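Consider the two complexes below, in which chain A is the common component and chain B and chain C are the respective partners.
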Partner chain A sequence: MDVSNPVSDFTEADVSRNILATRLDALKRWAKSGSLWPMPFGTACCAIEFMAVASERYDVGRFGSEVLRYSPRQADVLMVLGTITDKMGPVLKTIYDQMAEPKWVICMGACATSGGFYRSYHVMQGIDEIIPVDIYIPGCPPTPEAVLRSIIMLEEKIRQQGVASAKREFAERAQRLHTHTEDASVTSLDPPSLELIEFSTRTDDVNLPWVAELTNRLGLAAIETATDFRGDFTIRVAPGALIAACRLLREAPFSMDMLMDIAGVDYWTRDPRFDVVYHFYSSTQRHRIRLKVGVSESAPLIDSIAGEWPAANWYEREVYDLYGMQFRGHPDLRRILTHDGFGDLHPMRKDYPPGLRQPIRYPTEAVPAAERSPRGEMVPLDIHPTIMNIGPSHPSMHGTFRLIAQVDGERVVDADVELGYLHRNFEKMAETHTYWQTIPYCDRLNYVSPMCNSVGFALAVEKLLGVEVPDRAQVLRVILNELSRVMDHAVCIGTNVLDLGLMTDYFYLWELREQIYDLLESCSGARLHVSYVRIGGFSDDVPPDFVEQVRRILHAAPRILKDTETLVTRSAIARSRMQGVGAISQKDALEFGFTGPNLRASGVAYDVRKDHPYSGYDQWEFEIPIGRQGDVFDRYLVRMEEMRQSLRIVGQAIENLPEGPIFWDDPRITLAPKHRVYTNIEDLMRQFKLIMEGIKPPVGEVYGFSEAANGELGYYIVSDGGGRPYRIKVRSPSFAHYQLYPRMVRGMDVSDVIATIGSLNIVAGELDR
Partner chain B sequence: MILEIVVLVVKILLLVAILMGGFAYTMLLERRLLGFFQLRLGPNRVGPGGMLQPIADALKMMLKEDMMPAGADSFVYRLAPVIAGFAALSVDAVIPFGAPIHLLGLTISLDIANPSIGLLLAFALSSLGVYGIVLGGWASQNKYSLLGGIRATAQIISYELAMGLSVMGVLLMSHTANLEGIVLAQKAQGWFWLPQIVPFLIFMVTAIAETNRTPFDLPEAESELVAGYHTEYSGMRFALYYVAEYINMITQSGLIVTLFFGGWLGPSFLPPIIWYFIKVIIAIFVFVWIRATLPRFRYDKLMSFGWKILLPIAFLYFVGTAAFVSGVL
Partner chain C sequence: MNQYIALLIYLIVSVLVVLSMSFASEMLGPNVPGGLKKLTYESGIVPEAPVGYFSVRFYRVAMLFMIFDVAIMALYPWATTLSSLKAHGFYNGLAFFAIMAVAFVYVWRKGGFQWH
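What follows is the complex of A and B.
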């Protein structure tokens, strides 16, 4: 328009005041801003905080946004909640593309914004690599208030912005998007240190009767070394004798009935370069044994024990995926955690840079022509029985699980799962950080009960160091651990019944969780990821009103549990959905290394707190509930009872909370009090050394285990005597539980598939690590 | 004659307006009530006390991009929500909202049509609604939608017979299938919910199934089928399904009130039409309450529940009522 034109005398204000079209436009923008229906794309911890936003304390429903639409067609705001891995990238992009205009994106948390502190080979460094973002919420995880604020900000943005400018900005965003994707794949961090590492291979005289027994049966040549470090018994066997040894371990006097874990370790400069480490446990004799086999780099071949121990299937796949070991005779040796773009690279090897990402292929066709069947091959879309992808973005798959099911009507004929959508490389990150810095990563393993993870980690490192924390810290750990267990079970039950269609109970249980959040927040300053535990104790003492707050929770909890009883236990429909569904036999549960409530529901009374007491659990009175059928209902009942028992422990502990220090005062392990750091040169040096170099545990390896909310959480830590762990392998309970899941769902209805996964309480953070 | 046509057109427009407004505010009522059941507040920001929330939602729906999946059957895909919406709206034509009023020398009955087989017509029309769901699920070319559609068919054959049988007692007692006649019969004999308590409960259960709400929300089953039969629908077409669901709820509440709670009858300090709406709102409250309390059935359990429990009980009670009414007992 010509500037000299008299029409241009109208000011902007006149236009917006007088013209009908602009009034209409304002109305349109008001309507859009007032009715933002979110599509929650929750993958990790932030999703848990988003659940709080939707719950009664914060209630996003006030803004009219409680209508969560899981179909992207019907949603207005894509809420990206949690870490997006490269493997998840194409899923996120597809969901975004499927959304109907107008659409907005809110990106919650540090991970989705920038990768957060996961500068690693499998994590996308910010979702703006693939989709445009309207609002970023900082925090790890952001508080619910911040999320509400982001919704208010988005409303303001929509109200202020005309359609034209929105479109222009979209085009600009698309431009930026393009430039971003190009340079995204070269994110790289420092390579690991190349120091020569020598490990002691002490051959102690281990006086256990079954060493001789094992040597007798396998022959002298089969046993290379036997060591005993901090009570952990390790036998190194010759590669040829592995299968025989594994078979033998089942028999008396070893009677190992559970394969707990298989870990790979890369010794970098040694020959043979790799170790494969097997952890066995005998639930009848309550003892453990660790087998080790060396594998050379030039011929990374090892016998698969999956025939003997079915649980080894996934563990071996993981070792193959991360270390590139070939397992002879493995039924299905595929990658399990990382995406296909890794080709023949194996990222947990020490010479793989922690931050080196691999390019992933994004779908270009609008409609895929074929999809993968549970057997692994690509099949056309219209075969019968048809293939149904349940997840990873599915309301009941809790963010990141994907079940590839072959269904005949509603009946699942065959199924497989795909995991790794939240593989954010805890283990690689731990290798590049000091022991202290690893604690926040531990919190984010099982983000439903972070406290249990970091306590477990601290216990493992303390075992490695050979220290025990003071009484007060132990009792505090017990209290906070048990409250975390209550919190975890509450969410498990709440979401499980939510998946069954019962909404209300979830909100009641969430109130319990909020009260525990309040307590944790007053102790540590954070609601969810508390990072409160330190190796050797706690970061700080609890606030003065701690006892009072805990008593308040103990007072409120029974009523909430009673409401749940009324709504679920006594509901005929709920019982009909849960009883007889997803039953796991005692044999299967042991065979697949089930632990925690899921194992106890199947009738095995194994609980680390009772069988291998730690942190003074033996001084408190409590019972271990066990189930009979092992079905969804039993798992629910066991969890309900465990919550009551946990409250019972807390009740006893809070009345007997001793006074005293809250950390083990040792210059090599814990920081000095601040006032001493500022006034005393020795303490200043101590602070400096610990912060810069970290704790330096002795050379050795331990398997530290504790009873987390989901089961036995084990940390297998290999220390080379340096400030950073040489290798940490997490034995996560969810990984074991999830392995049985695809077998369980065969023959089930889709509804039961959903009921079952909720009852197993699989948490993606510890599943994929 | 012309006056009558004018009155009819006005009535139709009024009914549609009432239903659409009723839909919007039933939805708001449900969201607020669910909020209160769940210790929350529910929508209270858009407009005073959240009163403009449904308006914003409706406007937004209209402005939303209308999508159709590439492989969809375009004609059926477009037709299906229309069927659902039509079926939901049309049932209310035969439900009387109040006693006939006298205006300008005309006696105006407060329904659009008053056929002698009003109840049958209502049932026939409301059963049509399932076609909207089945066809929508089928035409979307989405496996979740298809499963939703299949579930809807499985569901309708499980409860429709029991639903039909449960109202037979009312027909026997009132000697008519005309809905106005049924209300008037209740004026003489007392409300039917007490003598027909078992059929009333069965009708209540099947009415929830008819509206596809928890515990019978199998075709939609958010946690299982993402959004069920309407997973692929966006914008106005999706809104139409929403409209259908909520208007169905109002309609079924109207039928419950008319058949068992004396329709517009009530003490004379309030006009009949107000009584009718009060009762309908109470029925809607019960619907929401049930939604907040119960989990969802599994669909094979629903089928055996419909065929093995509801149907025999409804049949026995019907035979008993027949024996009683005919004087055999």
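What follows is the complex of A and C.
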């Protein structure tokens, strides 16, 4: 029968003659729609919500889709979950190309759809630049219900699709595949007009005993200035004296044993144009010092301190990558976060437009051996090495981490890691937004426990402003922070044991997480990215049944933790997989700037909540668990105990929740309540000024730090007195943890490599920022 | 004789099912070859070089797996017909177990289940 016949030409006879064929076609489409095998391509926050879809409350198994296939050969629905960066683009395209026909693509979340609010130099502005999409799910992140709806929609789409249209679509797709491969995405934006900022740096000379000591030992010419702003001591040293100063800091009376962070700052109207800023911490003396060195634009050369402080290796690579500083004597200076397409451009420089992306080459065939990219310090073997990529799209690498392992059978002989697959430019975005607008970006750093990040950021800005939030806000912050920590540890343990093959416990722990989601949703309206904290307090008060809800969680949590105890701690199989694997010595942990549960598992009792109490943590009773071996099992045990301690804090705080305001009524910092904005001119003006111009902190710079779920989360904020941060550098705990990883996995079996990576809790959002 | 007819029917049906499934997917499914489809899947990275060799230890693992896996396969018909085999069949099965156990213990003691 000719398909172009209009419907009216059909006779009853036609229909009865063709009834079998139409039913067969419908049967085929029905069968096709009911046998969807999803392949999750999870990169960011959306993947966390997808985990909720796969767990017990939403149960994607109802659609026959619970078997998630991490191989393009076995799947026909590619689910793109989360931000796709330009670096990740080729990976996504390769996987799509490797899938057999027929195939469909579900695109989850604002980032994958359009780049979301990451209008930045390293984020793809929608995956339809490289692959066709069938269903878009809006939201940031979308709710699990929306994800389930998308599967139903895809089934409907397949059922409605005739044979002819399907064939046409495949032909079109084949053609599009071709065109997309030819013109790789190049988006060029006009560079924004940058305001010229006259930069004045505060120079209150302080008379610290250390300064005198440093000057004594280094010579008067070495120390240029020494300042003290809000308790942060900053010493500017001459470039020639940097290595000597860094060496000296290890000795008494400074006894610095941790290099926390290295940041670059671009003062683009000043000479020397750049500053390289080093943050040191002494875990024995509990004090910090900030070292600064100026670097000129014409000769961006600076001595590498990687010989003295091994942890500097990655940090210096990052500064090189983003600012183009050449570190003399660095063992392995190459890009770390951005992709190779940047050439000699360095995107964090102030004259680099925030949204200017660089072209990237898409793979069309296997790269011949002659064109292989350099592999760092890999040792050549006398036999043929087998180089195997584990990740980025690998479930046990949690989607965004690439381990390039040189394997001899099952044993990893040498390894290198590649990160930056989720480098979505938090720092550049923060420079183009006001302090308030930065809070949603902060939520998405460690997207497993968003509250901890935004509270940390608010604390840092409050330190810069020199304000403290009201008591009620402090206690609420403690409660929500600790529940977020529980949430984070639950996912860490759940996925770690899931990687080891213990699936059941993941579902139990996820139930705990769902209960905390319910609480967060009733407070802020969002399950995951709450954006609930404001600088100076909270956006709104908690709901009336808040205390009731928290008590319910406190009641339910111990049972879930007990189940985990039974399933994992007492399981001989789990223990044999975890004990003695991936041990980190106390010395290594300190040397590489480990913080949080990973440091404590190695036996160092450093916890910001105890050592530098903030938000009134000193008024609650809790203990810090310490491990002995520093192996995977110890990290698991420490996290388990921390969850109990967190619940203990929440239990005390909820019973002592004070009444009162949740933010100070300060026209320079906080918005007025809406009813006042609508009724009087002063508050309307206040709203207008704050929304349009933002909070204007004083000129200065602070390092605000708090104990996030993975360790010390620091924000180094430079303010030029304007409404937007001049520079924010995040000191993320994960970045420090994974620096040691390639060294750790040498000599391990592949199965232990997997156990180790999960136990360090990989969260790419804060690893790559 | 009758039971052999059943076996013949079983063979014919199984061959037909396999053939029809392979041909149905060949005929009904769209076919767009080319691109990167034939490349090794390495978590989305285009492999840099084809693997030159496989460690000989994989051979040992595969062989041991095959031996013990096939041995387990033999237990299914034994278990389903155990009621008709009576004590004689039961003890014969146990003897088979014992031989397997000797081999298993030997491999275990030799460190055959260890990678190195």
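Criterion: the second predicted complex is superposed on the first by the 699 of 769 C-alpha atoms of A that agree within 3 Å, B and C clash if a C-alpha of one lies under 4 Å from a C-alpha of the other, contacts with A are read in each partner's own complex, and residues count from 1 in each chain.
Keep in mind that, in the parts below, a residue touches a chain if its C-beta (ideal position, glycine included) is under 8 Å from a C-beta of that chain, and two chains touch if they have at least 3 such contacts.
Fair warning: this is a prediction, and the values are worked out from it, not measured in the lab.
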- Following the overlay on chain A, give me a clash-or-fit verdict for chain B and chain C. clash
- Task: With the two complexes superposed on chain A, say which partner A:P392 touches: chain B (first), chain C (second), both, or neither.
- Result: second
- Message: I'd like to know which partner A:I754 touches here: chain B for first, chain C for second, both or neither.
- Response: first
- Message: If you tally the residues of chain A touched by each partner, is the higher count for chain B or for chain C?
- Response: B
- Query: Which holds for A:S71: it touches chain B only (first), chain C only (second), both, or neither?
  - Reply: both
- Query: Which holds for A:K28: it touches chain B only (first), chain C only (second), both, or neither?
  - Reply: both
- Task: Please indicate which partner A:Y508 is in contact with in the superposed arrangement: first for chain B, second for chain C, both, or neither.
- Result: first
- Query: Just chain B (first), just chain C (second), both, or neither: which does A:D351 touch?
  - Reply: neither
- Task: Using the touch definition from the top, say if A:D408 reaches chain B (first), chain C (second), both or neither.
- Result: second
- May I ask you to decide whether A:I95 touches chain B, chain C, both, or neither, giving the answer as first, second, both or neither? second
- Task: Using the superposition on A, tell me which residues of chain A are in contact with chain B and, in the other complex, with chain C.
- Result: 28, 71, 73, 100-102, 366-367, 386, 388, 394, 409-410, 749
- chain A to chain C touching residues, read off their complex: 28, 71-73, 90-92, 94-95, 97-98, 100-102, 166-167, 170, 173-174, 177, 363-367, 369, 372, 383-384, 386-394, 397, 402, 408-411, 749
- Message: Can you tell me which positions in chain A touch chain B when the two form their complex?
- Response: 27-28, 30-35, 55-56, 59, 61-64, 66-67, 69-71, 73-74, 76, 100-102, 366-367, 386, 388, 394-396, 409-410, 497-504, 507-508, 511, 567-568, 571, 573-574, 576-577, 749-752, 754
- Contact footprint of chain A on chain B as seen in their complex: 31, 34-35, 37-47, 50, 52-53, 55-60, 63-67, 70-71, 143-144, 147, 150-151, 214-215, 217, 221-227, 230-235, 238, 291-301
- Task: Would you mind writing out the residues of chain C in touch with chain A in their complex?
- Result: 28-32, 35-37, 39, 41-55, 57-58, 115-116
